[in-house]
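A, B, C and D are the chain letters, set down in written order, and residue numbers restart from 1 in every chain.
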Amino acid sequence: MANSRFEYVKNFELSDQLLPNTWVVVRIDGRGFTKFANKYSFEKPNDKRALELMNAAARTVVTEIPDITIAYGVSDEYSFVFHKTSTLFERRASKLVSTVVSTFTGYYIYLWSTYFPDQPLSAPLPSFDGRAVCYPSLENLRDYMSWRQVDCHINNLYNTTFWALIQLGGMSATEAGKQLDGSFSADKNEILFKRFSINYNNEPEIYKKGSVVFRDYELVEPGTHNIAQEVERIAQPAQLSKSQAETDKKKRTKARVVVEHLDIIKDDFWDRRPWLLSNKPGKIPKEP
Amino acid sequence: MANSRFEYVKNFELSDQLLPNTWVVVRIDGRGFTKFANKYSFEKPNDKRALELMNAAARTVVTEIPDITIAYGVSDEYSFVFHKTSTLFERRASKLVSTVVSTFTGYYIYLWSTYFPDQPLSAPLPSFDGRAVCYPSLENLRDYMSWRQVDCHINNLYNTTFWALIQLGGMSATEAGKQLDGSFSADKNEILFKRFSINYNNEPEIYKKGSVVFRDYELVEPGTHNIAQEVERIAQPAQLSKSQAETDKKKRTKARVVVEHLDIIKDDFWDRRPWLLSNKPGKIPKEP
Amino acid sequence: MANSRFEYVKNFELSDQLLPNTWVVVRIDGRGFTKFANKYSFEKPNDKRALELMNAAARTVVTEIPDITIAYGVSDEYSFVFHKTSTLFERRASKLVSTVVSTFTGYYIYLWSTYFPDQPLSAPLPSFDGRAVCYPSLENLRDYMSWRQVDCHINNLYNTTFWALIQLGGMSATEAGKQLDGSFSADKNEILFKRFSINYNNEPEIYKKGSVVFRDYELVEPGTHNIAQEVERIAQPAQLSKSQAETDKKKRTKARVVVEHLDIIKDDFWDRRPWLLSNKPGKIPKEP
Amino acid sequence: MANSRFEYVKNFELSDQLLPNTWVVVRIDGRGFTKFANKYSFEKPNDKRALELMNAAARTVVTEIPDITIAYGVSDEYSFVFHKTSTLFERRASKLVSTVVSTFTGYYIYLWSTYFPDQPLSAPLPSFDGRAVCYPSLENLRDYMSWRQVDCHINNLYNTTFWALIQLGGMSATEAGKQLDGSFSADKNEILFKRFSINYNNEPEIYKKGSVVFRDYELVEPGTHNIAQEVERIAQPAQLSKSQAETDKKKRTKARVVVEHLDIIKDDFWDRRPWLLSNKPGKIPKEP
């Protein structure tokens, strides 16, 4: 029985290849996580276990997909950055998005019991959607990352104050919302400090800065290189010699994938970690 | 701290809306499942537990996403069909694909221990990729479904014979492959029957036909309606009255999502289940 | 001197293939034609020469591109319909659009002096932009065509009344606009008839109906076939035998491409001309 | 008569927006120009009138569409470069391509009689197709331009030698082709020089280098600025003050659009004309 009569249907699959030489950001978002957070009584304004579960899942994604050079997460979203020279899955959007989403979801479910040992998962399970966005220049990519981290800051300052007004100040949600309507950062800092003796600066970094995931190599002295210029010069997919590619691969496998809570808006973070943008593995730090 | 300086990066997200009034098939495939199957010693040529786990995960996807009218699975792949009038996620490809893949993966991991109680999962976890393809006409959609089921048949007949030669006939994989090179269906049937007394027709339906997942209503007498013509007449997203939409939704929620192993190539399957193509819920069967 | 160092740039051209088995409508629109019409003192509300020039240009497009089965024009726009089985230029959107636009523009400029012998063209020249839209079902295509013809009717009734108020009634444009604000068709018909003794029904068909361009064969008795059903059954690009394709081609070349002003909303137009939808050439009418 | 019943068809038009912050190259190509060149007896290997007609048409395109900063033409093709900050037509591919193709074709037909006064055009008219390609980095854009100019060189050296062998050497086309099979540049130069006393270097620049079209301002001393770095820093569509935009517009209108035959592979061309990449108008040169 030949299958040829029906095989023409394969031709309906259209290309969704992403533009070469652009940074591909796959961002995933929790679906209906407000409801989900209530179901499992997530703590407000931040649930440490939930964030650490997100980070653990993201860490495995970065580990298993070496074309991702950096990821950034906040709340129930995570952005994964494929290096602009990556040709993984021929840069097909649906393959990139679905692989990231599938891997992330798998580990989120799998690791759940580690972070919520007392609350077994039940249907409907948490799930995530995703999308891919291309950024042509380093400036665009950096601005994207900054956009997410600024958003993290704005939301966290708001939520911290909002929940302080409720949990410590005894307000209703409506009253707290009203109070914060039209307020500036300075106002919120003042409310926290004057009313509740909370110094926002002392809040945990994971809440204020979000989480950044990457392969860790030895830091580099800033100013010893011009990574931005170098990176913009890369005009096409990397064509390394086979042996070089092998060496790189080994180094990447050996590198520890870390989760940190750092400022990724300022240059310093990037200057000291040139491998994030160059995609050339750095030096593996010596064991302590 | 305003976020406006960076917000321009949102404009880099381009539309990936799928053409209206087309059947959207989201097909997912296991990534590296040959290796995965070996790791957990899946039985050859078919592992019943693995197939039933696929089916259970697919069943939850169809249950949780009512815009899916039917799904068909074979081996480590599953095709989910969104009705051509669906406007879920504004028909954005990445949202449709990622939601299906995420939900499927989640349940696959979650239900694993039910089907493989003695083999706990360990990293690297199984994952799936996905893609969306549009089919403009009912003919195209039916041909797609037929294509998958014919593929199921061809592969299963081959695999059944191949593994019989190895497991019962003592051949090596190379020898078995050589023997089957260029053989026709009739040849394989004969090998099975003459050498191993296996009548292929008596093999389990789940292996021969794959699995089809859908909402179950009372069957309809074929020939009492012309569903094909009716369906082609639907030219745009359904604009039901609100109360009608509510009624439909309730019926869909009440309907049992079933997993069957039926011939979906012949008209009969579709003629008796007009709701699969019309998207109008049928009659809920009375409890036995 | 090899060119290989730069050739990688070819890979940046992404596919813009249109979904198979859909009707492709390429619509072109005059750019800045209000200004252009003023420059050459087009008559109001309709300039017969300008419309006939549009029609002449469209006629050559249909003649030179046999994959176009029908075109419809009104004012400074024209819609060209590629049969759903067409594989011209591998259905690449930019090739289809640019070829139609280029051919149309060329003849518009070339034939200008025939229709405007006393007004030589001067820079800036008239130009057109274009786009391609896919329609999956016959119903959608028919609705698209109807949409354009209803638009033609609505605009022409409005313009006819508007300019009568100005040219015959002595109103200013502002006054005429005010008078027609919120008016219904019946109101406009009455204004025309009562004030200016104009029976809108007697206006020239080219203004009321627009222009439809197609290959002319012998008309067919309606009701002798079910073209709609037949057309929906075509599920993939036509795979004619070579000799059949040759015969068809010859017939198409022999067929006269005509410009008519007919109702294309009602079934009758399509029923009598099955070749428009089936893409099978009809009978060449005998010379009179 | 309302049009609402059919208006849903508008929703079938999908977005074809091009990625922001990328250089958009619209390349147009003559359709069937080998046949066309024969019909009008174009001279071999190069027809000066035909090239100058192409250049004249391209000049008007650049003049009428100020978002184009540079164009490059060779043979029957022309590439038009929209600055990466351009938001013309919201960067919709079909609008950009069709407008360029339509304007170009219009002038090609219109100006034909100026360059071919003795050969009136007749149907079928010449036409052009087009496509849009995005280049993310300056390096990519420069490489694209270089690719076209190297191609010009390779083809022209080949054609010059090929036609010398035929026109001066009395060979048939087959013989000439055979002779050149597998030959290197040096070989062709030698054939030209030794057999026909032709020094390829003395061939006209328009044939060897192709034609580059741009707005002309006062040249700038190379090395006084780092345009590449500056350009890569532009991360989003230009947000000039209104008055600045007006001033720029006026300067662009005043600037002469020139056609030159220069080396656009080396840095010098770009270094001396920073406005091509920065999109900031330069100084209008004083009248001589």
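The criterion applied here is as follows: contacts are C-beta pairs under 8 Å (C-beta built on N, C-alpha and C of every residue); 3 or more make two chains touch, one makes a residue touch a chain.
Keep in mind that what you see is a predicted model, and the values were worked out from it rather than measured.
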item: Intersection of the contact lists for chain A and chain B; value: C, D
item: Contact-richer chain pair [A-D vs A-C]; value: A-D
item: From chain D, the most remote chain by mean C-alpha position; value: B
item: Geometric centre distance via CA averages, chain D-chain C, whole Å; value: 31
item: Inter-chain centre distance, chain A versus chain C - centres from mean C-alpha coordinates, in Å; value: 50
item: Interchain centroid distance [CA atoms averaged], chain A/chain D, Å; value: 42
item: Shared-contact residues (touching 2 or more other chains) in chain A; value: 8, 12, 14, 19-21, 134, 140, 143, 235-236
item: Residues of chain B touching chain C in the complex; value: 19-22, 84, 134, 136-140, 143, 229, 232-236
item: In the complex with chain B, residue positions of chain A that touch it; value: 1, 3, 5-10, 12-14, 16, 28, 31, 60, 64, 89, 92-95, 97-99, 101-110, 121, 123-135, 140, 143-144, 146-147, 150-151, 153-154, 185
item: Touch list for chain D against partner chain B, complex; value: 8, 11-12, 14-15, 17, 19-21, 235-236
